[in-house]
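Below are two complexes that have chain A in common, paired first with chain B and then with chain C.
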Partner chain A sequence: MSSAELLLPLLIAAPLLAATLPIVLGLWTDRTGWPIAAVTTTGLFGAAVALASAVYTGTDAAPITHELGGYPRTYGIQLVADQFSILIALLVTAVATGVLVYTRQGGPRGNTFYTAYLLLTGGLLGITLTGDVFNLFVFLEITSIATYALVASGDGPESAVAALKYLILGTMAASMYLIGVAFLLMATGTLNMIELATAIPAAERPTLIRAGFGFIAVGFATKVAQWPLHTWQPSAYQQAPDGVTPLIAALVSTASAYAFGRLIVTVFGVDYLTTMPNAATIVLTIGCVSVLAGTALAVIQTEVKRMLAYSSVSQFGLVIAAYGVVIAGSSETAFIGAAIHLIGHGLLKAGLFLGAALVARSYGARTVDEYAGLAKARPVVAGAMAVLLLSLVGVPPGVGFVGKWYIALGAVQSELWPVAAVIFLSTMLTLAYAARLLEKMYFTPPAALDWPRTTEPVATDGGDTTVSIGMLAIVVIAAVGAVALGFAGGTIAGLLEPFLMEVFN
Partner chain B sequence: MVADIRPLAAVLVSAVAIVLIIASHRRPNLREGWSVLAALTKFGLVVSMLPAVMDGTVFRWSLKESTGIQFLEGIDFALRADPLGIFFALLASFLWIFTSFYAAGYMRGLSEHNQTRFFASFAASLSAAVGIAFAANLVTIFVFYELLSLVTYPLVAHNEDEEARIAGRKYLTYTFFGGGVFLLAGTVMIYWLTSLVSEGPTLAFEAGGMDALAAAAQVEPVYAQAAFFLLIAGFGVKAALMPLHSWLADAMVAPTPVSGLLHAVAVVKSGAFGVARVILEVYGPGLIYDLPLDVPGIGEVGLNIPVAIVAAFTLTAASIIAMRKDHLKRRLAYSTTAQLSYIVLGLSLLHPYAIVGALFHIPAHAFAKLTLFFCAGAIHVETHTDYISEMAGIGKRMPLTMSAFTIGAAGMAGLPPIAGFVSKFYMLIGAGDVGGSYWLFAGALLLSAVLNIAYFWPVVYTAFFESEDRHDAKPLLEFPEGGLIQSYATTSDDESVAADGGEPADTSGIENEPHAADTDDYEYAVDKYPSDHTTADTDAPSQPTDARATETSTRDGHDDHDDHDESVAAVDHHGDHDDHLTGGPPAGGWPRRSPRTESTWLMLAPIAIIATGAVVLGIGPDYAVFLELATRIVEGVFGMPFEQLGDMPFGELMTEVTN
Partner chain C sequence: MIELLASHYTYVLVFVLLGLGIYMTIASENLVKKLIGVSLFQTAIFLFFISMAYIEGGSAPIVPHAENPGELMVASPLPQVIVLTAIVVGIALTAVGLALVIRIYAEYGTLREDTLREVRADE
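Up next, the complex of A and B:
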């Protein structure tokens, strides 16, 4: 048992165990939450990096696996770190560490908050690293429950309503997924992903598999917030405390989208799904419609956080559409695009929501109109947000462009012209709401009546309006990272290569 | 191919300057110093590569070779200085030197706000423009093309008023539709097409067309055609091909140095340059000629014909529209639209002479149009006059400026000995040499020369040969299309009615105003084009509707014309901010100034130098480097010495180049 293999259970167990510490230590002091979370997430990030280097530099390009408790995978639980999952694990740990920089001063405070925070991180890493479809459900639930709690911790009754809405829809989605898994178990008798991959094509009753895929697709469409099942997401993002939204927006739906991709390429298998009637059409339609509907809804929003939330609907639409292209055309390129876009979108949204939180805190601006004149008053955060927004639009060299390039190339290679058209047009659609905010920040002088606000900002978080260097730095780092990843298109594709060889042949 | 860092250095020089400009935002002299220094360095770097490039060396820098980073899988982020690239880079960097002086004079003369942002964006635009010039493949050119759209947006929206914001929105929409949608789609399709054949996948430019694409076009001709039109549409947006042109006129709200260098040279030419890359080095003339488009009712035509038709239409239509523009910068913008279509038309004729003419027209138009814009800007700074109808007798006030304007205008019309003549001459030879239906395109070129005179001569005429208190009506501007039945040279009363645009509200407004007595200076901007005033009246609830009704009914015969003029007024009389109410001659008429005192040297020197450049290019094109470079490019594309190209029949030439 190598040391890299041990990191796998540690990555999941450590945050879950550490989540209990703030509560326990809270008996004596109220200020332990942040340090514990900071130490844990930093350690997780280091572990993820170590694991990633082991996976990517490994000689045989085989994934690193760990059987929990030593039980063989046919009936035990297996954890897997391969070229795809470790990418997401890196994103999760990096964002979880980065957001803490904001919450230190930006709040929310309190030990229970950090318990939920670590629980969420552990759940997300579980989704990422598990190799078992039922275990995946467990981690989905852990993630969701932590998220409900975090959303509900916002001020005011709206947060409670948003959390309740999320709770109901999220539970429905998880149940859908569970039903799908049950069908798979009925048809094949196993829950392990690798075992399923060989058992599904050989299953005697394909109807069960099809029904299973249908339930799973609907479940994930809800979790990923695809139109028209997205309704929980905008209010959850908007009503969650400012420090929480970046984490949720960057990771929760991303992990679900990753899990869906994992099920498509590893469990069901591209070849099997290609022959399954209507599977490609359904996934493609969900994705493309969400791209269009999400942007249309984003353009008409007045609240910045809400606008960015709807933007997530459309950006995840691109990912789901890419999955559709993967199924329809067996396109490796589209899968690379989906992976890059997942990473890129996570980073961009984390940066944007952190920026929005900063602006709300120091400038008191929450609506698009209130952003007027931000560039003059807060040049650094405005500049970073501008870079992130433009990257989201797909202006090269930003990470948004790289993902879009691969997805579009995949669609064109598979000769799916309507999908290609939607992907190309999505640039314009994203520009529609991004430019709105840019124009407000840079080319609209603040209205005279609003000026007192900047001298006497509205207290949003306990009256504290200071902005630490760290908060500013984390937004800038996100922006720089978005541009730097824009040059990493070839590198990431190269890293994924062994995984793609595995699943596409 | 020689690996060399200079192409990258030439791109990055002004990117570094951005940082320095922003850092020294408190010290304007230092800040402008960085601009000038960056311009000189950039030009020096480009010139240092010129001799070797003329001898056939190609300098190349690639991200993968120098750092090992692969931009996208299978696609390198690469720059290379080949003849075509150096051609555009040389032009942009040379003109930037003088524009940075001029911009300093202009922005200070108007005490503009946010000058640091302005100069930083300007430097960024030049970075992107040189990046477009040196881009070695379609993805790299796409990257810089998008960046150029982005960094010029702050310049268009510079004024931060509602009008500038709307123009900025329109600008972003058009350019991103062109870049992010059409160009990206075309690029992806080319990558896919070339991956179908054994030579590919590739996106790198090759003189005479990509071999892989030529092979792929045999497999998938329809998609190859679609990709061609997507690419042309993508670059055509910036080249202001109709119907994608209307952003250009609106972008004229930007400060004049922007309109001059970017919206007459760097940005719009990057579109024309992109079209040149697509025609000469992606598809190649032979493939374009041999990839017939089946048009119902006509038969098979080359892919170039639709492009040529659009270009010919654009240059004629834009010239006609320009005649009816009273705002000088807008008239120049439509002239730019027309002149860029010359370039596209020349390229799409595919004949070597026409291509040389088209390429040479890039600098020829740049020098002349930059002169014109600089003059318009100088007039704006010195007198706040933007409207041609207010410029009667302005030659007294700004003698050197208006002389330079005359030279630029002559260059636009293609009169010898200005540079525009040379390029048009080559294009006409090319079109005539092909013969057949191409004579129609030659006809369009000739007609456009006449139209150019028709819209530029009135400016020169009114500046030098008319005076503030005595000048003729401007029938094209003021009268309904088709003309008035009455003679316009009758009494001054009638004239004033016509000059008002005949809008009833205006007339009544002016008559009611206390200063109605001073009918002698009704040429004043306020009286003549009271656009602000118009809106005020229309909005004012106090305006009795029945009074308006009677006014209208008494002038029934002019109803159509009224409506029309109102719409013209709505579009036409939005120009720079703060102009317009202060424009026109002062009460005592224009004072007479000598060329030395008419403006600051910061503006006059660039005007004089660029105008001289336009003449030099026209008198000795063989000695100025551009024509030689243009012939080198064409030799590279067709693979034989230029002297032999003229003797070869067109059809043979096209099959020759395919092989």
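Up next, the complex of A and C:
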């Protein structure tokens, strides 16, 4: 058993076990949550990097696997780190570490918050690394429960309403996924992803598989917040505490979208889905409609956090549409695009929501109009947010451009012209809401508003409006990372190459 | 058709229950009843797993020291284990949901969604 293999269970077990520490130590002092979370997430990031180097530099390009408890994968649970899953694991651990820099001063405080934080991290890593479809359900629910608790920890009573709405829709979605798993189990008798990949094409009753795929698609469309099942998402993002939104927005839906992609390429298999009637059309339609509806709704929002939330609906629409292209045209390029866009969007939204939190804290601005004159008053945050927004639109060399480029290229190669048109149209519409914010920040003088804000900022966190260097630095790092990743598009495609060879042979 | 119903009636019942759960979640204005609907929906899925694992004449999957283990007829243990796990998950979800309902009631003094909408619109 190699040491890299042992990192797999450690990556999931360590945060789950560490999650109990803040509560236990909370009996003694209330200040232990942050250090424990910081040490754990930093360690996890290190472990993920070590695992990634083992996966990417491995001689035979085979995924690193670990059978839990030593049971064979036919009926045991297998953990898998391959070229695709480790990318998402890196994103999860990096963002979880980065957001902590903000929450140290920006709150929410208290040990129970960090317990939920670590539970969420563990659940997300579980979704990323599991190789078992039922185990995936369990981790989806661990992630969801932690997220509900985090959303509900917001100040106002509105956050409880938003969390309950999220809970009902999220539970329904996970249950839909579970029904899909039930159909797959009924048709094949196994739950392991690799075993399913061979058992599904050989299944005697393809109707069961089709029904299973239908339920799974609906479940993930809700989890990833695709129109018209997105209704939980904007209020959840808006009502969650400012320090929590970056984490949720960057990771929770990303992990679900990753899981859907994993099921499409590894479990069902591209070849099988291509022959399944309507599968490609349904996935493509969900994605394209969400792209357009999400951007249209984002343009009319007045709250910045809400606008960014609707923007997530459309950006995830792009990822789902890319999956549709993968199914319809067996397009490797679209899959690379989806993977890059998942990473890129996660980083961009983490940065943007951190920036929004920073602005709300130090400048008291929450609506688009209140952002007027931000560039003069807070040049660094405004600059970083401008870079992130432009990257989200898809201005090269931002990472948003690379993802969209690969997806559009895949759509064109597969001759799916409507999809290509939707992607280009969405870029224009993204510019519409990004430009609104940029215009307010850089070209509208703050005097255009009636009330003086800079003298008396609206405090959201007990009157504490100080901004530490670290909080500022993490937003700038996100912006720099977004540009740097833009240049790394080809590298990521190269890293994914062995995985693509495996699934698109 | 009748024969299929006679042999597979549990599936029909399960999906009726599934529909009831969804309907209750959507149609009821009461937040607690919504959560009951969600629980009902999940319970229907558990029953689906259980009835899937059942075989005619099979016993519980506790394997004794049989003389000839190959001939032992038992229900598939895998779905039963899955249901056990899923029940735990379901309980956790219901608990979190009820905690949220209590907080909403404490803040707004109502459990009805329509009243809640009016109260929030007034603020």
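In the analysis below, the second predicted complex is superposed on the first by the 500 of 505 C-alpha atoms of A that agree within 3 Å, B and C clash if a C-alpha of one lies under 4 Å from a C-alpha of the other, contacts with A are read in each partner's own complex, and residues count from 1 in each chain.
By definition in this document, a contact is a pair of C-beta atoms (placed from the backbone, for glycine too) under 8 Å apart; a residue touches a chain by one contact, two chains touch by 3 or more.
Nothing here was measured: the structure is a model prediction, and the numbers come from that model.
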Have a look at where A:S175 lands relative to chain B and chain C in the superposition and call it first, second, both or neither.
second
Looking at the overlay, what does A:A420 touch: chain B (first), chain C (second), both, or neither?
first
Which superposed partner A:L185 touches (first chain B, second chain C, both, neither):
second
Would you mind checking which one, chain B or chain C, touches more residues on chain A?
B
Go through the superposed model and pick first if A:L409 touches only chain B, second if only chain C, both, or neither.
first
Touching partner for A:T444 - first (chain B), second (chain C), both, neither
first
Would you sort A:A152 into first (chain B), second (chain C), both or neither based on which partner it touches?
second
Touch test for A:V393: chain B only (first), chain C only (second), both, or neither?
first
Contacting residues of chain A [partner chain B, same complex]
333, 336, 390, 393-397, 402, 405-406, 408-409, 412-413, 420, 424-425, 427-428, 431, 435, 439, 442-445, 487-491, 493-494
So, in the complex, the side of chain C touching chain A is made of residues 18, 22, 25, 31, 34-35, 38, 41-42, 45, 48-49, 52, 78-79, 82, 85-86, 89, 92-93, 96-97, 100-101, 103-104, 107-108, 116, 120
So, in the complex, the side of chain A touching chain C is made of residues 75, 134, 137-138, 141, 144-145, 148-149, 152, 157-158, 160-161, 163-164, 167-168, 171-172, 175, 178-179, 182, 185-186, 191
Can you list the residues on chain B that touch chain A in the complex?
63-64, 69-75, 77, 139, 142-143, 146-147, 150, 154, 157, 160, 164-165, 168-169, 172-173, 176-177, 180-181, 184-185, 188-189, 191-192, 195
